[in-house]
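This report refers to the structure that appears directly beneath it.
By letter and in written order, the chains are A, B, C, D and E; residue numbering begins at 1 in each of them.
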Amino acid sequence: MNNAKISTKKLNLYYGANHALKDVDMDITANAITAFIGPSGCGKSTFLKTLNRMNDLVDGVKIDGEVTLDGENIYDEKVDTTLLRKKVGMVFQQPNPFPMSIYDNIAYGPRIHGIKSKARLDEIVEESLKGAAIFDEVKDRLKKSALGLSGGQQQRLCIARALAVQPEVLLMDEPTSALDPISTLKIEDLMEDLKKKYTVVVVTHNMQQAARVSDETAFFLVGEVVEKDITSNIFARPKDKRTEDYITGRFG
Amino acid sequence: MDQSILVKRVRVSDIVITAAIYAAASLSILLLAGIVCYTFVKGISSISWQFLTTVPSSLKGTFGIAGNLLNTLYIVVITLVIATPIGVGSAIYLNEYAKPGKVVRTIEFTTEILSGIPSIIFGLFGMVFFGNTLGLGYSIITGALTLTLMVLPLITRNTQEALKTVPESYRSGALGMGAARWYMIRTILLPSAMPGIITGIILAVGRIVGESAALLFTAGSGFLLPKSGMGFLTKILESGGTLTIQLYLCMSKAQYGEAFGIAVVLLVLVLLINMLTKYLSGKFNVETRE
Amino acid sequence: MKMAFSIVRGRHSKNAVEKAAQIIFTVCAFFAVLAVFSITLYMLINGTPALFKVGLKDILFGTVWKPTAKEPSFGILYIILTSIVGTAFSIAIGVPIGVLTAVFLAEAAPKKLAAVVKPAVELLAGVPSVIYGLLGIMILNPLMYRVETAVFKGSETHQFTGGANLISAVIVLAIMILPTVINISESALRAVPSQYKSASLALGASKIQTIFRVMLPAAKSGIITAVVLGVGRAIGEAMAITLVSGSSVNFPLPFHSVRFLTTAIVSEMGYASGLHREVLFTIGLVLFAFIMLINTCLTKLLKSKDTQEKVKEAGSRSEGKSCGTAGEKKNRAGAAVQGEA
Amino acid sequence: GCGTTETTTADNGAASSQAVASETAGTDTAAAAAGSEAASGETASETASEAASANAGLSGSISMAGSTSMEKLSNALAESFMAKYPGVTVTAEFTGSGAGVEAVAAGSVDIGNASRNLTEEEKAGGVAENIVAIDGIAVVTDPANTASGLTREQLSGIYTGEIKNWKDAGGADQAIVVVGREAGSGTRGAFEELLEIEDQCAYANELDSTGAVMAKVAATPGAIGYVSLDVIDDTVKTLSIDEVEPTVENIKGGSYLLSRPFVMATKGEISEQNETVQALFDYLASDEGKALIESVGLIVTE
Amino acid sequence: MNNAKISTKKLNLYYGANHALKDVDMDITANAITAFIGPSGCGKSTFLKTLNRMNDLVDGVKIDGEVTLDGENIYDEKVDTTLLRKKVGMVFQQPNPFPMSIYDNIAYGPRIHGIKSKARLDEIVEESLKGAAIFDEVKDRLKKSALGLSGGQQQRLCIARALAVQPEVLLMDEPTSALDPISTLKIEDLMEDLKKKYTVVVVTHNMQQAARVSDETAFFLVGEVVEKDITSNIFARPKDKRTEDYITGRFG
């Protein structure tokens, strides 16, 4: 795979004694959507978080191996994690808006990265909210607290917030698990759009979703990547028995 | 792409603020450590068995703080026994029962006021109200009642803060299972809030032990030990100076050796109290979390 | 299908316990109101008579304090100014240092260092303020005296104070409030849900940006508490600074020996009688009024911003997995059901 | 002002001349104090064992409150009195003269200590002024000061702010730090009254106890202060006034200017008090009591 | 519908000025699974919470109209909400285990309702955990904190906790939105089991799930119930145009 945006080699991660990722080798293709599937607790979120070094924040985490972004090792000592995380944006499993207004939530990232012009910020806020299919619902209360939104609205707000810094890679940890089908569809459409410019990685429990939106799919099991392939292959002709069993609902 | 992640961007404001943080922290840590060390160096030589176990005698010209130690203990215990239930109860009412509105705002406002009243005012009030009006005179109970008012907001506030950090989902979870409110508070909220409550109590003990202005005019400065078993009971009606009062008196008489000696004892005392409460709250955490 | 119990039938013993609990807590809550009410009442009863006997203007705006002179004069303007200036400066020094130290302990310090420093700070929060006064006398005053002799060398007009001056008192107060400010701000910072931090970092914010733009605002309520308590402690402190400040009534200039509202009461209450004693209660009343004013202003000022954003309470409520829903109207954290909207 | 001054001086004079009658040996105050302290210790224990049967009957408690300068006396008195009468508890609070008199007037304590004469108002309230001892006021400086004595005029000049430098008062070129007591202090009242500089003093430090003045003066080069004679030690240097040294003899002889009475006020005359309180005053008036007063560095009256 | 376990009549609910439920009339059939579907923010959760009076806890809520359980008005003054909530259990959208051990989490409800016997509690804990398809995963660490579980495990724990008090009605607010397909299937199977004895109401965003598990489905839109019918009718022949549009993904 020549156009791998992100590659990992022999990536191992330990939470103290808990060996949560085992020798993960993976190439994540640029300008494509990669889906991670697998049963609960298998390490999908953990792997996702190693890609923008969010695991650095967890105490007692030990990481071995290499992760490269555009050929640069992101675990290099010289890495500017700020820049890394601007390039590799993230949407979390639980919606986590800041305790500030909707507007300020979206403008937070751009402001951090030095945008001060009110007009430019207004524009970014509107674009991002539209991108996350929530603009119409909140346009009249941009100055109100984001904590007043429903769970689904909050999650879409968080997606908008991640888009506002215009990342190159977008990591999404079950971004639609709190959304209704309509919003979900919009987000899925959005992902399609995004992959034209960006690289998207999405963790999902919804096999249909993985099949629908992703170009490639990786199947995780107890910290290992059992199989990674083009999505249609994974669902139509899985190479590994365990993948097949999981997809057909035979275990979990 | 355009920027390599391997080149760290320099953010001047971050560097300046980080420097400020480190400077401030080193300053306060050095200051505080310096205070402790200086006090120990100056005071440790005054401490002897006699210093700890006798009362001052002007005939023999000796000095000791046994009486003050006992008085301090009395006042801490009596004050906490009264103030803790009231403070925690008040916080529970404000956080868990009261509907927001005038009443809650009034109570929170007055609690804030109470926490801001200078101890000297408590001293004046205690002297006039408990001492004169209620006729308790200079006594340990007058001091303890006065201090109760003083530490009450500390306990209320800390409990409230602790209750606020307990996630709402715990409440709805428990109530959704049919738990009655007080049962829910007892089994879920209080254990979760216990570290915060204990913090409040630590701060309260600290304030009581360290208080001087409010006690000078209320509990007085007696330093005698009770003469008999009954004396331990009647003692609460007699005047009794805490260690801090004695420290103040020594200091204003320029008996610096004794003053630093008492200061060392106070530091050790506060340290012990802190360690004990840490241990207790740790135990609580283990019981409820694991 | 009807089950054995109707939902209408309550169990009485349990209800009684619940009722009792609620009543007891309500009573507890009103205790503070009662206390403040009676303190206010007593201060008014004892403090107002002198105001009228001496005259409001003569007390509050007079600059001469000669309570025991043949024609006594009870002007406390300088004393009031000293309290204002002294408190303001000690807060201006102590709060930033304290909050930054709290940031250090909560966010920047290595775990092991924090584990040593935190108990030390807690220890110092409990250290009697008199000890700070003791150290002020032993260390600060001689130091200040040296500065004073250097600054006013050959001055004909300056009254030498031996280092017991406003600066010494301000420094003692600033150091004294440090542990309180550090402790409370640190707890407030730690109570900020970690999800805010991860969200901010994931957007490419630096640690400092995260702290100053998300964590500190979310911890605002705790930090206000710290400042209010700090102001209270500074303006209310008496014993620690009586000896350090020189305790003469003078206009509050850095190298003047000054007297605070509190030290005015402490140093003379024991000796005063008659009108003098009543005036000391009036000083108490003024002090009390000050505290009321400062408390009200500080909380009003800082809270009013909050209300607009409706942020703080919901923020401090939600934790870890749950996310807040503050609703449309100002929704007190107290009863908002979260984690499910 | 004048009237009061006369009364006070007259009182003091009378007290001093009476005090001369009782014999006290020793020129050095400290030595005398130490000596008689030991003596009274013995006496107390002897008396306690001798009269144990006679005293066993007396029980109850006595509460005192008031002047801080009388602390040393009160504590010594309480301790030895309790040793003699084991059934009695004596407690003492040191809140200041005014508070002491107020407390005794209100009936909340048995005895109010005051380091000054009672005011006419206080006496009118039915409080009896029982002078138990006479105390001298010493003028002190830091030990390194080169001035050895002051004239009365120089002293007044320093305290009123006319003289700001020691070079104008027989010392080196050094700024004077004027230390004094707070308004209402018995010591300050007596000091200003005797020098006739009431309401004119410009203090750089107004400290609220004798000990604090001692400490400040001891630690501050160029400082001057005034304290009770009984607390003098070698951390400070005492100055002569008009070339008279502040010694017990000079005070008794009336040649030393600065002295004042210690009062143990009661509500109504001593004879109207309960027997425990009466016993205390009897004890003070006894030889044993006089020895005690001298042992703490004070001068016995009557 | 004669065997309505719960009925609402002209139910209106206001969050302050926000009219969140409008004239809702609904009968919820006993021993059946009723699904609520509808776009985000339409009032599904709100309606669910009126059924066991969890909305009482929200400030500024005003409720009009009637809700009956077995013919008794649950908003009557004399109602013992403790008993009501024992009968009408609830599983929340976000997993909310208590900060105590797994065992104590499950035993919490039974203890509230007076069960003290250790043996009986052990039995209930085991049964409930098995019922929620999580027993095997946690049986070795019953005494460990429940907060150490993964999101999916936590949610199944919460379901187990709700089952432990043996409710008559079980309200579930998107109980499977945080679960992987395998666990979801188990929970769905479990619902099938439960409806034999209990009445189950489930809010879901997953139309397939509604179609799969429910006997009846109600479609909510901006606080109103647009349509409620037997599930197969709703999905095959919706009477209302809006229902059809929603189900076929034409709006949201």
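In this section, a contact is a pair of C-beta atoms (placed from the backbone, for glycine too) under 8 Å apart; a residue touches a chain by one contact, two chains touch by 3 or more.
Small disclaimer: the values here were computed from a predicted structure and weren't measured.
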Quiz item: Which chains are in contact with both chain C and chain E?
Solution: A, B
Quiz item: Between chain pairs A-B and B-E, which one is joined by a greater number of C-beta pairs in contact?
Solution: B-E
Quiz item: Using mean CA coordinates as chain centres, what's the chain B-chain E distance in Å?
Solution: 46
Quiz item: So how far apart, in whole Å, are chain B and chain D when each is placed at the average of its C-alpha atoms?
Solution: 38
Quiz item: If you average the CA atoms of chain A and of chain C, how far apart do the two points sit, in angstrom?
Solution: 45
Practice problem: Spell out, as numbers or ranges, the residues of chain B touching 2 or more other chains. | Solution: 99-100, 167, 169, 171-172, 180, 183, 216-217, 252, 256
Self-check item: Touching two or more other chains - residue numbers and ranges from chain C
Solution: 14, 137, 206, 209, 243, 266, 269, 318, 320-324, 327-328, 332, 334-337, 339-341
Practice problem: Indicate the residues of chain E shared as contacts by at least two other chains. | Solution: 45, 54, 57, 59, 82-84, 92-94, 96, 147, 151
Quiz item: Within the complex, which stretch of chain B touches chain E?
Solution: 99-100, 167, 169-180, 183, 187-188, 191-192, 288-290
Quiz prompt | chain B residues touching chain A - in the complex, by the definition given at the top | solution = 1, 3-9
Quiz item: For chain B, which residues are in contact with chain C within the complex?
Solution: 11, 13-14, 17-18, 20-25, 27-29, 31-33, 35-36, 38-39, 42, 85-90, 92-100, 104, 106-107, 109-122, 124-125, 128-129, 149, 152-153, 156-157, 161, 164-169, 171-172, 180-183, 185, 196, 199, 202-203, 205-207, 209-213, 216-217, 243-244, 247-248, 251-252, 256, 259-260, 263, 266-267, 270-271, 273-275, 278
Quiz item: Given the complex with chain C, which residues does chain A contribute to the contact?
Solution: 52, 54, 57, 59, 81-87, 89-90, 92, 94-101, 108-109, 112-113, 144-145, 147-151, 154, 158, 161-162, 165
Exercise. State the interface residues of chain C toward chain B in the complex, per the touch definition above.
Key: 14, 17-18, 21-22, 24-33, 35-39, 42-43, 46, 96-98, 100-101, 103-105, 108-109, 117, 119-135, 137-139, 175, 178-179, 182-183, 187-188, 191, 206-209, 212, 222, 225, 228-229, 231-232, 235-239, 243, 262, 265-266, 269, 281, 284, 287-288, 291-292, 294-296, 299, 313, 316-322, 324, 330, 332-340
